[in-house]
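For reference, the structures are reproduced in the following blocks.
First chain A sits with chain B, and in the next complex the same chain sits with chain C.
Showing the complex of A and B:
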């Protein structure tokens, strides 16, 4: 049987969840034995080259680019996992949700203390190359179907490891208290 | 000017921090807002921190740090108000005033705001303007009201051309509100001379004997939860405490109920007598009537009746000639929060704090107002008690059904010919009720307000009683033209989201999630799976602290159970999963702000 294929992406996240993937230390060598990575910042593969078994998503969606990537993952991964608070609930970026996006942009580019008086043309960046901002930060499951959620900020390396091995081996997942307590 | 109001309010309540609510209400009513300055002065004088004062202000709907206009209009946005034509009334207000709901006109004269049910479901659309009630609003009437406001007319003079019935038209009330008493029973009947029990009977009875009589009657609380009243009193009598309290719950916040308002208008002496009897039984010296802010127009009238009672020795010292039986009553105003109807929240609020429910146990009978043993009873319960003492517990228990004894005062509204209040014996079926009020072509009845259940014709033979359809008395009727999921279920769910105190995670977060799902289904993006999720998610509501959270999912859960076809016909077929996310819509606001043409 060929190795299971894993893809990962970071959307509106801080890369902390990816750091946590790497934090499985020397077990990463075991992981490489067990699985093959496809599209992921870990191996820098930019586009899907084949159908994947598991997709790990860090971060929620704050712009149109995030939405496209997430949908692409849903299309190419059999099992899609929200990894960490940002993916599950929007996390820190979602702090902007109570404020209308127009106000956020104006504060950032026109009125904020660090820009006021320095943006004479009064332009808010709008080049076609820049992704379009969403009205709020969405958790991933509000955009596509998500099969599993791994909580934590970031989820501990052990939790990620346990989840992946359970998925790959088909065994039940181990969830000892230490792995899901957050303080 | 403003500082004078603040200082005099603080003086009036003796710098007592347990009277913070009264102080804030007084300032709000005089100044249309509570300024930073006022907050600072209050915090200094009362020995509270600034945030203590601010968090209390922010908790209550009718208190505000921003100015709400010289005339503050609160238009009811309950289901019934919408059914009776709120939309055109609201639009007319906006057009005539020149501002949107949630805003104040630029000149600061008129503020337009929404509010939950104000207890006028039988005379909607209704609004509160500077504390006065305006009923049966039409766009014609609204235009006149706005003209009057522009002319600086006093709200009390805006409707002198007609007044309501009964005591509503008395000089102390001067109100347009209607009683609409459609059916009287032994509790509402007007053949009793209030004060008789206190003057003639009480002296011959020990407190224990009174409690025994109440227990014999088998009466259960009429506020919704249905706890046996005699037992509650007995617990409180036996609880240790130097001081005990009787609190009457006149918060009447459950949308669709308005019977307590009618009792307070027409039978206040009966109520106060009931409070005195409760005080005698448990050994209390003080009673508090917790009156919802929406009924503030009754306060002056009620205070006058209390004063009369003192003169007649029905309150005060050695009441009814009983040596050493001292008891008096004060009125505590709420400031707009449905949760304050929950008894422990009511106590917190009466102590001048945010109305957040307490953890129980200890129950109020042991540790209630100011941590003293306290009985909290509904208005109707306390009135019934007087009639029990008059005619005997045996008599009372012969009314109604075997385990739901006595009568219930129903507040009936919605699609029927004769909305109003009806006192009936327990055991009435929904079919009989519909006949009684002249309702035909009925699709559904909401029994017990939003926290109760939505039932359809197959269940109209069920009866009103504690073991079948228990209710605090709110019955809302919907005919076949109503769009139940959108007009009723969604509105109720939004009500609970608005009114949650926010302490418990599922109450605070799950209710909005359930609402999102309902909206997704209404928008045509629902899939079969969603209907499985709703009850599963609803289960979590059981871990909330109080009754609000326990029942906040009921509009969705009971309608899903009894009107599943309405949900099913909205589902997208053949799809396993659908989030309903719309990228175009999600980027439109930012593209507009950055002057950019969206491209996908």
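Showing the complex of A and C:
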């Protein structure tokens, strides 16, 4: 039997969830025995080269590029998992959500204390090359269907390990009290 | 002698004094019923509905309904727990709960209930409402992003003349808890500390004392809320 294939991505996240994947310590050796990685920042494969079994998504969607990547993952992964608070509920990037996008951009480029007086032409970057910011940061499951959610900031290595092994072996997932945390 | 009555919770035989509220009667029989708006020593108001139980085919709140002789109560069932979980989920989407950056994380009753009921993601759409932080008071900080409008502060924190220091302001979904500017400015250290304790979430915070308890030593780090009860 061929090994299950895993892909991972960071959208509007801080890479902390990916750090937590690596935080399974020496079990990472077991993991590479058990699975094969495809598109992921871990192995730097940029494009899907085959259909994957499991996709792990860190971060919510704050711009058009995030939406594009997320939809690509949905298309190429049988099981898609929201990994961490940002993917699940927007996380810290979503702190901007109650504020209108226009106000956010003006604060960042025109009025904020570190830019005021330094942006004389009053330009807010708006090049076609730059992904378009969304009106707010969206949790992944508000953009595509997500199959499982692993909370935490970051999710503990144990939670990630338990989830992956349960998915791979088809056994029920172990969920001891201490592994579900939102912080 | 007081009248002793018999009733059952999830089939377990229980006894209580006549007139006891279901919540208290359950606790006396070592049975956990989750609560949020209720606070020991403060008159129950039955607003959050987390303590909902089922008896005689009806859903009622355990914190406001007295137990009756022969009552058969359903408490820890799949149906009721899912109802409770949905209330917790509603509270999460209705405010702005960024737990990773919240000083009350680990000590928060709402979060602890979400852990207990294994909320992995709310089933409702996040609202991300615009709410304000009020940092005018010298002793406490009010963050209405996290307020669940349980009214515990309003009901429990009074000055020496029994006047409430906190009050509701506005209506409907825009309702907010405000501190009375006048009474608030005279808030004693003791009352300030008590209002921080009485708030189940991180909506009332002490000033100049952030993140007081290290991770690992917080109230709900190792055991679910309600672990003090056997059932």
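In this section, the second predicted complex is superposed on the first by the 180 of 183 C-alpha atoms of A that agree within 3 Å, B and C clash if a C-alpha of one lies under 4 Å from a C-alpha of the other, contacts with A are read in each partner's own complex, and residues count from 1 in each chain.
Quick note on the criterion: a residue touches a chain if its C-beta (ideal position, glycine included) is under 8 Å from a C-beta of that chain, and two chains touch if they have at least 3 such contacts.
Just so you know, these numbers come straight off a predicted model, no measurement behind them.
Applying the stated clash criterion after superposition on chain A shows that chain B and chain C collide. In the superposition on chain A, contact of A:126 is made with chain B only, not with chain C. More chain A residues lie in contact with C than with the other chain of the pair chain B and chain C. Of the two partner chains, chain C is the only one that A:94 touches; chain B does not reach it.
In the superposed model, A:105 makes contact with chain B only, not with chain C.
Once the two complexes are overlaid on the shared chain, A:165 sits clear of chain B and of chain C alike. Using the contact criterion defined above for the overlaid structures, shared-chain residue A:76 touches neither chain B nor chain C, since it reaches no partner.
When both complexes are overlaid on chain A, the residue A:142 reaches chain B and chain C alike. Using the contact criterion defined above for the overlaid structures, shared-chain residue A:64 touches chain B, although it does not reach chain C. By the touch criterion stated above, A:85 is placed in contact with chain C alone, chain B being left untouched. In the superposition on chain A, contact of A:156 is made with neither chain B nor chain C.
The clash between chain C and chain B in the overlaid arrangement falls on one stretch of those listed (7-15, 25-33, 43-51 or 223-231), that is 43-51. Counting contacts by the rule stated earlier, residues 136, 141-142 of chain A appear in both its interface with chain B and its interface with chain C. Contact residues of chain B toward chain A in the complex are 576-577, 579, 581, 583, 585-596, 598-600. The touching residues of chain A, counted against chain C in their complex, run 82, 85, 88-92, 94-95, 97-99, 136, 139, 141-142, 146, 148-151, 153, 175, 177-178, 180-183. Chain A meets chain B in the complex at residues 64, 67, 100-102, 105-106, 124-126, 128, 132-136, 138, 141-145. For chain C in complex with chain A, the touching residues are 92, 96-102, 105-106, 111, 114-115, 118, 120-122, 125-126, 128-131, 215, 221-224.
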